[in-house]
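Below, each structure is written out as structure tokens.
Both complexes shown next keep chain A, but they swap its partner, so chain B is in the first and chain C is in the second.
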Partner chain A sequence: MHSAGLRFNTLITLAIILLGALCAFASVCDHFHRPNVQAHAQVLQINRFRKQLNRDDEVTLTMNISMDLQSTFTWNTKQVFVFLAAEYETPKNSFNQISLWDHIILSKEQAKIEMQIVNKYPFVDQGSNLRGKKVKLVLHWHVMPKTCGMIQDSLFLSDFDLPQAYI
Partner chain B sequence: MRSGVMDWQGQKLSEMLMQIMLVVHALVAFVAGYTFSSFQMMLQIFAGGVLLTTLVTVPDWPWYNRHPLKWLDPAEAEKHPKPEPPVSKKKTSKHH
Partner chain C sequence: MGFIGDTVESIRSIPIRQVLTQAVSLGMIVTSALIIWKGLMCVTGSESPVVVVLSGSMEPGFKRGDILFLSMSKDPIRAGEIVVFNVDGRDIPIVHRVIKVHERNDTKEVDVLTKGDNNYGDDRLLYAHGQLWLHRHHIMGRAIGFLPYVGWVTIIMTEKPIIKYLLIGALGLLVITSKE
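After this line comes the complex of A and B, so read on.
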């Protein structure tokens, strides 16, 4: 500690260790946070249900969705990625998941969403298994904190049956 | 800013001050950030604390120099000659 350079070096080292500790404490706080997410989704209409030229089933839907993800935001949250997934079972694959719609929420004020949507991404099955299929709509969200790992969670919203015949 | 000006007591004091100031600022920053739900505020307060601590403890301020070392007079030192250091070590190391 006899020279200014040495003192500065010691100071910066301790400051960085403390900064790491601050970030670690902020992450720990986030882990005790239990968000209370409210969301609903309802299929209004199946606009199109057809077999593609390569024999894969394709569906186009209109849905009403509403969600309140404000409680996922804490002081350590950078953004929240949310997507609505269609999940169903086929004889070949026990779990199929297709993202129908997604959104990046940048602030708590924008975390309340209520809108009518047509699926943003094509709902295509790898095969022709969709006729008469029960499909679950599940809302998934990934909370991206400023420090700490990503927190993932999901909520089952509703299920609907696809028609027995192509439209 | 000359290095080596700070005395022993001053060095001890500056190190202690540095540690206390940094830890206190970190605590204040965390509590403020958590209370006001602002991560940015926490970082700003901590950065301000680091800057302030740098200004207070890094330069050779006069208050770190209140206990200057009292060196013996040269005349006094001559009366007590330094014991001869073991010379052999240095000479052998040169040959290697």
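After this line comes the complex of A and C, so read on.
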């Protein structure tokens, strides 16, 4: 009745159930955590604004960004993936979202960022609709835990208007 | 006569009820695994609710051997989400992050561009020749959660099939020889 195999089986089953429960508990804890994120972004300069050969508009810009994501870190956080997105509407597309800059934060100490950046990924529209367009800058962050569910959130930062003519 | 006769006799002596019970319990194990898989498919809406990460292109977020749970809801796809997608002409699905989204006004059809966190450039080189965007039908699901290390079991089994056959054999023996 109490053979070695049976004991081993019970032990493994219990260990797996406990690990699963701990995992679920950690994830539930994370969902009650309410971070308070402060961030600002400001467009300093439009470096280049032109129509590409395939008629799509392309923008290169320099921005000042500052953010404090320290409060998103909990004991179950492996990393925070943060990115700054340009969001706008065009007649053809009801929603356009282009990541301009992203960064992986591995520890709470590195979660305070203040820097001047040029867009890391090309800001290219589908078509030529960007002249005079109002573009929203939104900061998104995805919290990746050590186990279980991922959490995402975003914060609207500012609007800016692109020039009426190509530069 | 001697050896063969003994063998036949020993097979005859196995009670028919015990054999039937074992067959039923084996069937229960197989069907309950199937029920769990199909149930997950129903709940998550994704055709493969669990995938194993095979490459290091999403490090340090996901390492090789991590298990991802996918869901495929009706919600629109947005930048920053980690999606699992199939590219025409490639067998193995890829897990990468969305960096660009264009959603049509009328049809709500989306054009999506992805990139691996650990890769330098975007994924246009990985897509089929001449393909610029991913569409809804390429995407199998988005990652909603993950468990580390568990996927190593499947990686080891696919890379060293002998271990898989040994394991299946051992489990089969265990089921057949168990008395209850």
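The rule is short, and it goes like this: the second predicted complex is superposed on the first by the 166 of 167 C-alpha atoms of A that agree within 3 Å, B and C clash if a C-alpha of one lies under 4 Å from a C-alpha of the other, contacts with A are read in each partner's own complex, and residues count from 1 in each chain.
Assume a contact is a pair of C-beta atoms (placed from the backbone, for glycine too) under 8 Å apart; a residue touches a chain by one contact, two chains touch by 3 or more.
Source: prediction; values computed, not measured.
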Could you say whether A:97 touches chain B, chain C, both of them, or neither, answering first, second, both or neither? second
Please indicate which partner A:44 is in contact with in the superposed arrangement: first for chain B, second for chain C, both, or neither. neither
Considering only the touch criterion stated at the top, classify A:126 as touching first (chain B), second (chain C), both, or neither. second
Is A:14 touching anything from chain B or chain C once the two structures are fitted on A? First, second, both or neither. first
Touched chain A residues, chain B compared with chain C: C
Quick check for you: in the superposed arrangement, does A:76 touch first (chain B), second (chain C), both or neither? first
Is A:115 contacted by the first partner chain B, the second partner chain C, both or neither? neither
Per the contact definition in the header, classify A:167: touching chain B only (first), chain C only (second), both, or neither. neither
Check whether A:22 is in contact with chain B, with chain C, with both or with neither, and answer first, second, both or neither. first
Can A:146 be said to touch chain B (first), chain C (second), both, or neither? both
Output the chain A positions appearing in both contact lists, the one against chain B and the one against chain C. 146
Provide the residue numbers of chain B that touch chain A in the complex, in ascending order. 1, 3-4, 6, 11-12, 14-15, 18-19, 22-23, 26, 29-30, 33-34, 36-39, 42, 46, 50, 53-54, 57-60
Where on chain A is chain C touching in the complex? 23, 27, 78-79, 81, 83, 85, 91-99, 102, 104, 106, 121, 126, 140, 142, 144, 146-150, 152
Touching residues of chain C toward chain A in the complex: what are they? 60-61, 76, 78-82, 97, 99-105, 108, 111, 115, 117, 122, 143-148
Please name which positions on chain A make contact with chain B in the complex. 1-5, 7-8, 10-12, 14-15, 18-19, 21-22, 25-26, 29, 74-76, 146
